[in-house]
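Each of the next two complexes has subunit A plus one other chain: subunit B in the first, subunit C in the second.
Up next is the complex of A and B:
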């Protein structure tokens, strides 16, 4: 079985997000990027599959900020190959362009499964799993928490719905799966292992093609949600804030004492 | 080319979801500007027409592959109906269905798609959508050109359709492609109901990734115990294996509506908000003054949870 895991860097949302003067994109120079958390789960699920049933795991990323670190980390965790798609990829690349680049590379890479993160926080025009599946002409299932091979040429996946409901689906391979969470918490790679992977210098670079198809959306402006519904902020020291909170509960009869 | 708005209907146990009724509301407003009809697209047994007031017509497709939900079957059907009718806008909710189908149907129609939509309008003949990005920290206003578009809307963003009579039902034949699917539903998996029922509590203490470490959970558990409230959490703690799934609040967890919801170290991503926005009192503790949760909470504090929680425990005794 051959599993491809596309991974992506996203801005760390704990940091302040500053807009460029035009107001249609973030000031990317000020951002810290980190691996999209769902991609960490997709890598984990791929490695679990490899351990349980044997598989070759290939991670692939577009040449976006700090992607090398994440590709090396995936190698350190046990991925077999890491590929970086390079080219003119400055700024905010919309999902359609990303998918076009990934799809044209995948056309020359046979695969049984593509495990992508269920979504990334930074895009507007939809989620990669469905676009990629539609584009490659293979079935896709998103919001998945477990993937297992089932007999020949198929996989069993758990898809989640609201209210804690889920279903087990059987999908014929090749297929694209959007991973919400791996069957277990993503593993860590020690710094020593990541350094070792770096020294082995094993990222393959491939020129991206096809990344010129745009989503067809035009961003008028980005803006912070208006403060209309903003919470009343509790002022004072921690003791005073604690008192206020307990008072709120007391007046609603929710404090026993 | 028609100017119709096509709404993909979702139901649970025979009841049309609130999100669907909101899409019908959004559809009514859009069709007022576009001049077409609002078509509710129901896939599965029973048209549910009596619950779909707000639609001008229910397009009803029945086929064994459509129930229970099968992503491939729904994708083929929604795309075919949208194409055949020349729908101007296809509306879906940000559920598993919307995430599976929205971008895929758009790809099949060659149309643009916007996800996490919280607003939509027609401005000088141009469809304009507003969507949440960066986990709700920012909104984007985007022009959506073209002859068709798919919008995937967040629950709670539009007023539900109100009033109106039971729409007429138009049976639509199932696409032939439903007989050769590569995806099959093997079994439904019910949630584990052996744990406490967080949906039944008047008071909930909820914790998120701000807790940092599994060992620190003891701290908030102590507060929850002192208040006699169950401990709930955001999704990442469940995915880490730190909290049971039965305690997860949100889109893919449980919807709660307690009298008070005290939250510590939760950012307020749209998926979490979906599960708790109807709590009567929401008090949020988050060190980031720009955390989106403060748009939803009634009271907030930027105190550090590692200071505030012990201070609360001390005072509750």
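Up next is the complex of A and C:
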């Protein structure tokens, strides 16, 4: 089995986010970047699959800030190949352009499964798996928490929903799977191993095609969240507090009686 | 007792001051003795050969250590390996055995020298009887001896004394062992195998060892007395003062000279039989420590724990037997189960599944299985084989032989290394085992989060590096940026003193204090990263190296004379480990600087008149022997110091070291080390618990709450006391 895991870099949210004066993007010079958490889970699930059933794992990323670190880390954890798609990739790359670049590369790469993070801090609507499936003309399943091969060119996937509901689906391969969480917490790659991977220098660079395609949407302006008032502390004895709660619920129309 | 005493005592040469050696014994009996002796030597040599073969499977570092190749010049060295002469003296004087354990150590010293004396006596006798007499006969035609006259008398007088010392020492040790109810000699394991276990063979091994020694010693005196009585107590034998007294005692009991002769013939064989069997038994038993422990002590490197050795070449850490150094494999055999580490270990004390003693014994049993050596007794058994008892090759050693929980329980406080009377270095061993776990990504989630934060943000709090110097907000002055202007001291604040809300106030006070004293100091601001002491001790060597590289690069951008540290952990790695990576500046802890400023009057103070106790941080007091400066500070500000029983280099760990602060308590923990320590302090009747380490500040602030001492005990940093003692005008500024 051949598993491709597209990964991406996102801003590290421990840093303060600042907007550019024109307001259409973050000031990326002030940011540090790290691997998208969900992609980390996609890598982990791919490696679990490899260990359980045998597979070749290929991680692929666009040439974004500090992507090398994430690609080498994936190699250190046990991925077989790392590919970097290079080109004119400055600034924020929206979902459509990202998917176009990935799909164009995947067109010439045989694969059985694409495991990709279901979302990212700058892609909370989780379009990547669906768009990628559509572009490649293969089935897609998202919000997946476990993938297992089920023979006959198919895979069993588990989904978890809110309210404790779960589903188990069978999907025909090749397919694109949006990973919500791996079956286990992403493993730790020791710095020694990451550095070994770096010394072996085995990132393949491929020119990205398709990323110059027109974006599906245009950012007109970004807004920093505004603090809107503070919590009101209810004081007094139990009776008074209870009265006040009732009053609040009535004035907000949450309580009819 | 000399081995070659005569069984039958006839026909003494007239007027000769000597005694018969095999005199009058039949040739058959002599032959039997020599055949047995030869067998003994063969069995001994075989056992020893097997052991040496095992050591040779390890990495060769022993000779390097003896040659001190591992020493790297440090501008402020702590503890260099002792010179060979000093190390030899430590062996001969039993110094490490007597340390903090006077009575037991002295008893051991008596036995050590008594036993050595008796061994010498046998060697001398053999040199005369087996060598000198035969050689002289071949050369001159007649047999010569030096075993007579004054030599004979002196020989007996001296070695009787040796025998007595040995008996006294041995009896004291045996009585103490039999009566001991403490944890030291309690063989219950800290980590419980699921199937249960038995260590009765350990106990049996101890008693066979000490018991057979006692039998050899007592029968030695017995045969001496019987022989002298049989010879009708010749006057010159008064030099054999103890044997003579025994002879007189037998006579007093009504034993006739003839009966003494008969009894001697039997007892002689008992004595010889036990002695030969004991010699043959040595390499298969606890007695082996007589041979291995001196080597361990000579080869031990007190610097090794302070400056951890790197992992074996081309290996992430210890996985198989061949990864251990020869010295470490030898150390395993040197352990006598004395239990000093077991008693002192904060992990064991708290109920965590780690005892340094058990770790060594488990590794020994495993190494014996792997290396093909055997002990006859001294084995642990389990109903269902597991871990070290499994027998079959079990690798990797970390996680298979030693459970992961056990390895993670270590705080690297170094109490075990400090106390071990045979020079075992437990901490480097544990770190090398942890390294192989880290390589496999096997660690608890909280630790993984901390390591990822350390590699991503350079601090364990996962905060932006730009927030590191935020604690300086609110200071009455701006702290110079050492990257932009020259300063005398580069202050390495460290993660806790920079990011922890509770400790930030202390950092501000120290900054104001130094400013008021006119000290030139600066920060690296966002370029400072965790120094990596605990990262290295967790076993993440690669990340440690990365942090060192980045910190050295950051320091290269700054102009300063000396590094000043808040955190003793930072202090340790910068002082002892950074020089190996090319760092060449002196490092000081703030307690050293404060002591100097107070004593020179640069910080004017008034006496506080408080009664306080002081907790020595492991990495300051034990690792780096900085125990006086904080006490000098307390004296300078007029505080009465009431010492806790465990003080200075015998301090008790707070439980945070070695990366433990990034992990959760083992479910087996009953009382945290920090709680144990607060109770120790509370028993003194003082209300102020002084610390000099940011991690201690947080650990003990928690512990006073969880032990219910919140009302009667306050945890303060030394800095806070100095600020309090300053002149009110200054104190006001500093209080900010």
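Definition applied: the second predicted complex is superposed on the first by the 222 of 257 C-alpha atoms of A that agree within 3 Å, B and C clash if a C-alpha of one lies under 4 Å from a C-alpha of the other, contacts with A are read in each partner's own complex, and residues count from 1 in each chain.
Here is the rule we use: contacts are C-beta pairs under 8 Å (C-beta built on N, C-alpha and C of every residue); 3 or more make two chains touch, one makes a residue touch a chain.
None of the values given here were measured: they were computed from a predicted structure.
Novice: Go through the superposed model and pick first if A:193 touches only subunit B, second if only subunit C, both, or neither.
Specialist: second
Novice: With both structures fitted on chain A, tell me whether subunit B or subunit C touches more of subunit A's residues.
Specialist: Of subunit B and subunit C, more residues of subunit A lie in contact with B.
Novice: Where does A:12 make contact in the superposed view: on subunit B (first), on subunit C (second), on both, or on neither?
Specialist: Only subunit C is touched by A:12; subunit B is not.
Novice: Does subunit B (first) or subunit C (second) touch A:61, or do both, or does neither?
Specialist: A:61 contacts neither subunit B nor subunit C.
Novice: Should A:117 be classified as contacting the first partner (subunit B), the second (subunit C), both, or neither?
Specialist: So A:117 meets neither subunit B nor subunit C here.
Novice: One more residue to check, A:149. First (subunit B), second (subunit C), both or neither?
Specialist: A:149: touches no partner chain.
Novice: So, A:234: does it touch subunit B (first), subunit C (second), both, or neither?
Specialist: Touch status of A:234: first partner only.
Novice: In the superposed arrangement, does A:185 touch subunit B (first), subunit C (second), both or neither?
Specialist: both
Novice: Enumerate the residues of subunit A that count as touching subunit B in its complex and touching subunit C in the other.
Specialist: Common to the two interfaces on subunit A: residues 14, 16, 185.
Novice: Once bound in the complex, which stretches of subunit A touch subunit B?
Specialist: 11, 13-14, 16-17, 37, 41, 95, 118-119, 121-131, 133-135, 138-143, 156, 158-172, 175, 178, 180-182, 184-185, 215-225, 227, 229-234, 238-239, 241-246, 248-249, 252, 254-257
Novice: Hey, which residues of subunit C end up touching subunit A in the complex?
Specialist: Where subunit C meets subunit A, its residues are 316, 438-439, 441, 443, 445, 448, 451-452, 455-457, 462-464, 466, 540-543, 545-546.
Novice: With touch defined as at the start, can you tell me which subunit A residues reach subunit C in the complex?
Specialist: Its residues touching subunit C are 12, 14-16, 32, 34, 77, 185, 187-195.
Novice: Which bits of subunit B are touching subunit A when the two form their complex?
Specialist: Listed in rising order, the residues are 12, 68-72, 75, 95-96, 99-104, 106-108, 112-116, 128, 131, 133-146, 150, 152, 181-192, 202-203, 227-228, 235-236, 238-241, 245-246, 248, 251-255, 259-260, 262, 267, 280-284, 288, 290, 292-303, 307-308, 311-312, 314-317.
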